[in-house]
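These are the structures in question, set out in turn.
Both of the next two complexes hold chain A, though its partner changes from chain B to chain C.
The block that comes next holds the complex of A and B.
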């Protein structure tokens, strides 16, 4: 961890237009929860639909994508990363610092808003609020690590991330059950399912696999990103 | 007394342009063709070709599988009007990946004044970009549909060919291409960064599709079917599908149908108008900087 690098990254993330995307989605989630409360008896089923489809299914991958690629990809694109890499700071430490910034942002915006929205809908009925916030927290951390790695690996980080989230988790996961085993979204749902006792929530992945897969993916992405930063080549923009 | 000036201008042999000076129309056409080529990666680096060509190929897969099904079991696979809704994720990714390319570099490197110092006006520039992206989106959807139709004619299914369905789907593809291009350009033009542009376009799609799915599910479970059908229209792909249903009488691809009447058509026109107004306001500011 390097405090100066973290400080600069926080300022870059929060001081630009990126903050709007980061803040709008959680605001929309809470707004939808309020609206659903307004239009009719919010029940556990509604809450689970909202959490599963919107919170874990849409907001979390997007937040992970925006924060994960946002901490490093613009710097690589601009070429200003060279100033950072030229400093006597170990590259894995830079990667770790950037990851901590991204993960903390996803945790604050994602997990907190999930908890507020679920609590607004059904209070703490059958642990739905706690389950989904913990799922969003851990899933968000994994997403941040993976998408930061993608940001280091390719210029088209956002597009590649979108294809993973939409085509793999959404389209392929919807038709091919086996694909769901390798989906961060499903791991997060599995954790939520473990804590909440709601009958409306089922998960395809066992908890043991979900947690170990999350740890492996997060640590693996971090190590790979750190190694990759050690031999990063800066080529011109197209 | 001043000495006589001794400086001379040497003619070092630059040639003057003596050909015909083409006007605004040609500039518009050139910009459109250039942007359209760029949307598929032609005239750009090899790396820029991967994504659009990969996504276009993925779009063809259901058509190919469908033709195989028709040939083997003599049964229609994917129906023409359902194609766009079925492949909406891929279309959305294509839109998100390519619309920032059309607008972001010009904003980022501040070359807009260079365009505008030519006979091209802001409206021409935006019209060319909109036309290029609309044509690109249309091609991505229309080529698989046409392939599917050609396949159906060749396989010669029992019963008459689904010609009316095919042409309805093609008309729907035009509407879908225009509304998606207008939305994509409007969202992408607000940031000069490509990555952020991709993220905001895809965030818009994911947001609308998730909101419509959540409200549809909630309304249906509460037994308020009409409200549920209206909620479907938040997703632009279902919105265009409902226009298709209203105008051409195709079968709705969501299974439950849409609100009756011509309201969806009005909503489509309004969405396009708002997106284009936003785009124009954005460029009125950008053109002067």
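The block that comes next holds the complex of A and C.
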């Protein structure tokens, strides 16, 4: 970890318009929960559906995309990253620091809002709020690592990320049984399922596999991003 | 204007390129370049698209050579972040963190280098480029020249032995340009190894003791500015001459060995001068002796591209 790299990255992420992108979906989630509470009688089933479909299924991959690519892709695109790379600091350390920033943002905006929304709806009934917020936290960390890697690998990070999040996670991962095993969304749901005792929540992926897969994907993405950053080439305007 | 630079470096550093090439697919950007950049100021001169930035990026560790080696004091540059303890880099791209103030930007550079007194080093570097005044403004409010100077301050904050600058004078007003030129010269006199790229000969010869010319990715010429200037002047020159009696003037010109070819066209006389000094003193004398009025004498190949093309054709001959 490097404190200066983290400081600059936090400023870039929170001091500009990107904070509104990060805050928009969590605000929508909490807003929906509040509305359901107001119009009366939110039940456990409704809460699980909202958490599964919106929090884990939609918000989390998009937050991971915004934070994961946002901590590095724009700097590579406009060349400002030279300020960090032309220093006697190991590139994997820079990658690790950027990842920690992205993961912390997804944790705060994703996991915290998930907990607040679920708690608003059904308090701590069946451990739904705790389960989904932990699932969102760990899933968000994995998403941050994967999307940061995408941001380092390609200059079309957002396009690739949106296709991955919507097509693979949203469509294929949601409906094709075999593909579910390789979906961060399903891993997060598996963790939620393990903690929550709600009968409305079921998961196709075992907890052991989900945690191992998350660790492998997160560490693998991080190592790859660090190595890729070591070989980052810049071309001139010529 | 007084300038106080940080303490002079005592160790000299050498950047060495040995048969370095770089290609992108089928396009060769840099072709078999061998050069040694030692203490003092070296100018990397060449037209746009000559491969200057590519070469500079290889020296700065931001591009792997496709062939050959690039070293700093004998150590490989590519994938070696330790070189940045010795190297300061000023990239051509204008982009810097606009949301930081100049002070925060330079201070962050000092802290990233792990300097013992980052605030002192940042203040010194900002003073050096005359940016102490506007240091508390956000960089996004700076002019292009101010951004350039704050980038130079960040590159100098750790008192590097090697300074690499890509087109550093672009976008600066004349006063800022002169100031930076003075600073670069002074840093070079202190024994630092400085390389800067430019496509403007006058800019290079004002600052650099040594000039390396790059044309179409090839190392076309090397020498001090007098040598480069002489080689550029000694080349054959093409002129278009219009006068009151083109035919008589052409006959007199072809009789003299200073011109290798003279032709009459609808626009006047086209002259290929092989002895530039002799031709330029001969032409007005001939006109006077023949009582011919000169309406126009203009070079037709004075653009930098043709000068560089000549140098590359000579170097490959």
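We adopt the following convention: the second predicted complex is superposed on the first by the 232 of 238 C-alpha atoms of A that agree within 3 Å, B and C clash if a C-alpha of one lies under 4 Å from a C-alpha of the other, contacts with A are read in each partner's own complex, and residues count from 1 in each chain.
FYI, contacts are C-beta pairs under 8 Å (C-beta built on N, C-alpha and C of every residue); 3 or more make two chains touch, one makes a residue touch a chain.
Keep in mind that this is a model prediction, so the values were computed, not measured.
Enquirer: Is A:45 in contact with chain B, with chain C, with both, or with neither (first, second, both, neither)?
Expert: first
Enquirer: Just chain B (first), just chain C (second), both, or neither: which does A:17 touch?
Expert: Once the two structures are laid over each other on A, A:17 reaches chain B alone.
Enquirer: Is A:157 contacted by the first partner chain B, the second partner chain C, both or neither?
Expert: First partner only, chain B.
Enquirer: Regarding the shared-chain residue A:104, is it in contact with chain B (first), chain C (second), both, or neither?
Expert: Neither: A:104 stays clear of chain B and chain C.
Enquirer: Can A:166 be said to touch chain B (first), chain C (second), both, or neither?
Expert: It touches chain B, and chain C stays clear.
Enquirer: Which partner chains sit in contact with A:82 here, chain B, chain C, both or neither? Use first/second/both/neither.
Expert: The answer is second: A:82 touches chain C but not chain B.
Enquirer: Touching A:91, do we find chain B (first), chain C (second), both, or neither?
Expert: second
Enquirer: Using the superposition on A, tell me which residues of chain A are in contact with chain B and, in the other complex, with chain C.
Expert: Looking at chain A, the two contact sets intersect at 238.
Enquirer: Quick check: in the complex, which residue numbers of chain B touch chain A?
Expert: 44-45, 47-48, 51, 58, 89-90, 92-93, 96-97, 190-191, 193-196, 198-200, 202-203, 206-207, 209-211, 213-214, 217-218, 221-222
Enquirer: Mind pulling up the chain A residues that touch chain B in the complex?
Expert: Contacts found on chain A: 17-18, 21, 25, 28, 32, 36, 40, 45-46, 49-50, 53-54, 57-59, 61-62, 65-66, 69-70, 73-74, 77, 155-159, 162-163, 166-167, 170-171, 238.
Enquirer: Could you please specify the touching residues of chain A with respect to chain C in the complex?
Expert: On the chain A side, the touching residues are 2-5, 7-8, 11-12, 15-16, 78-80, 82-91, 230-238.
Enquirer: In the complex formed with chain A, which residues of chain C make contact?
Expert: By the definition above, chain C touches chain A via 24, 29, 48-54, 56-57, 60-64, 79, 81-82, 84-85, 87, 89, 91-93, 95-97, 99-100, 105, 108-109, 111-114, 154, 166.
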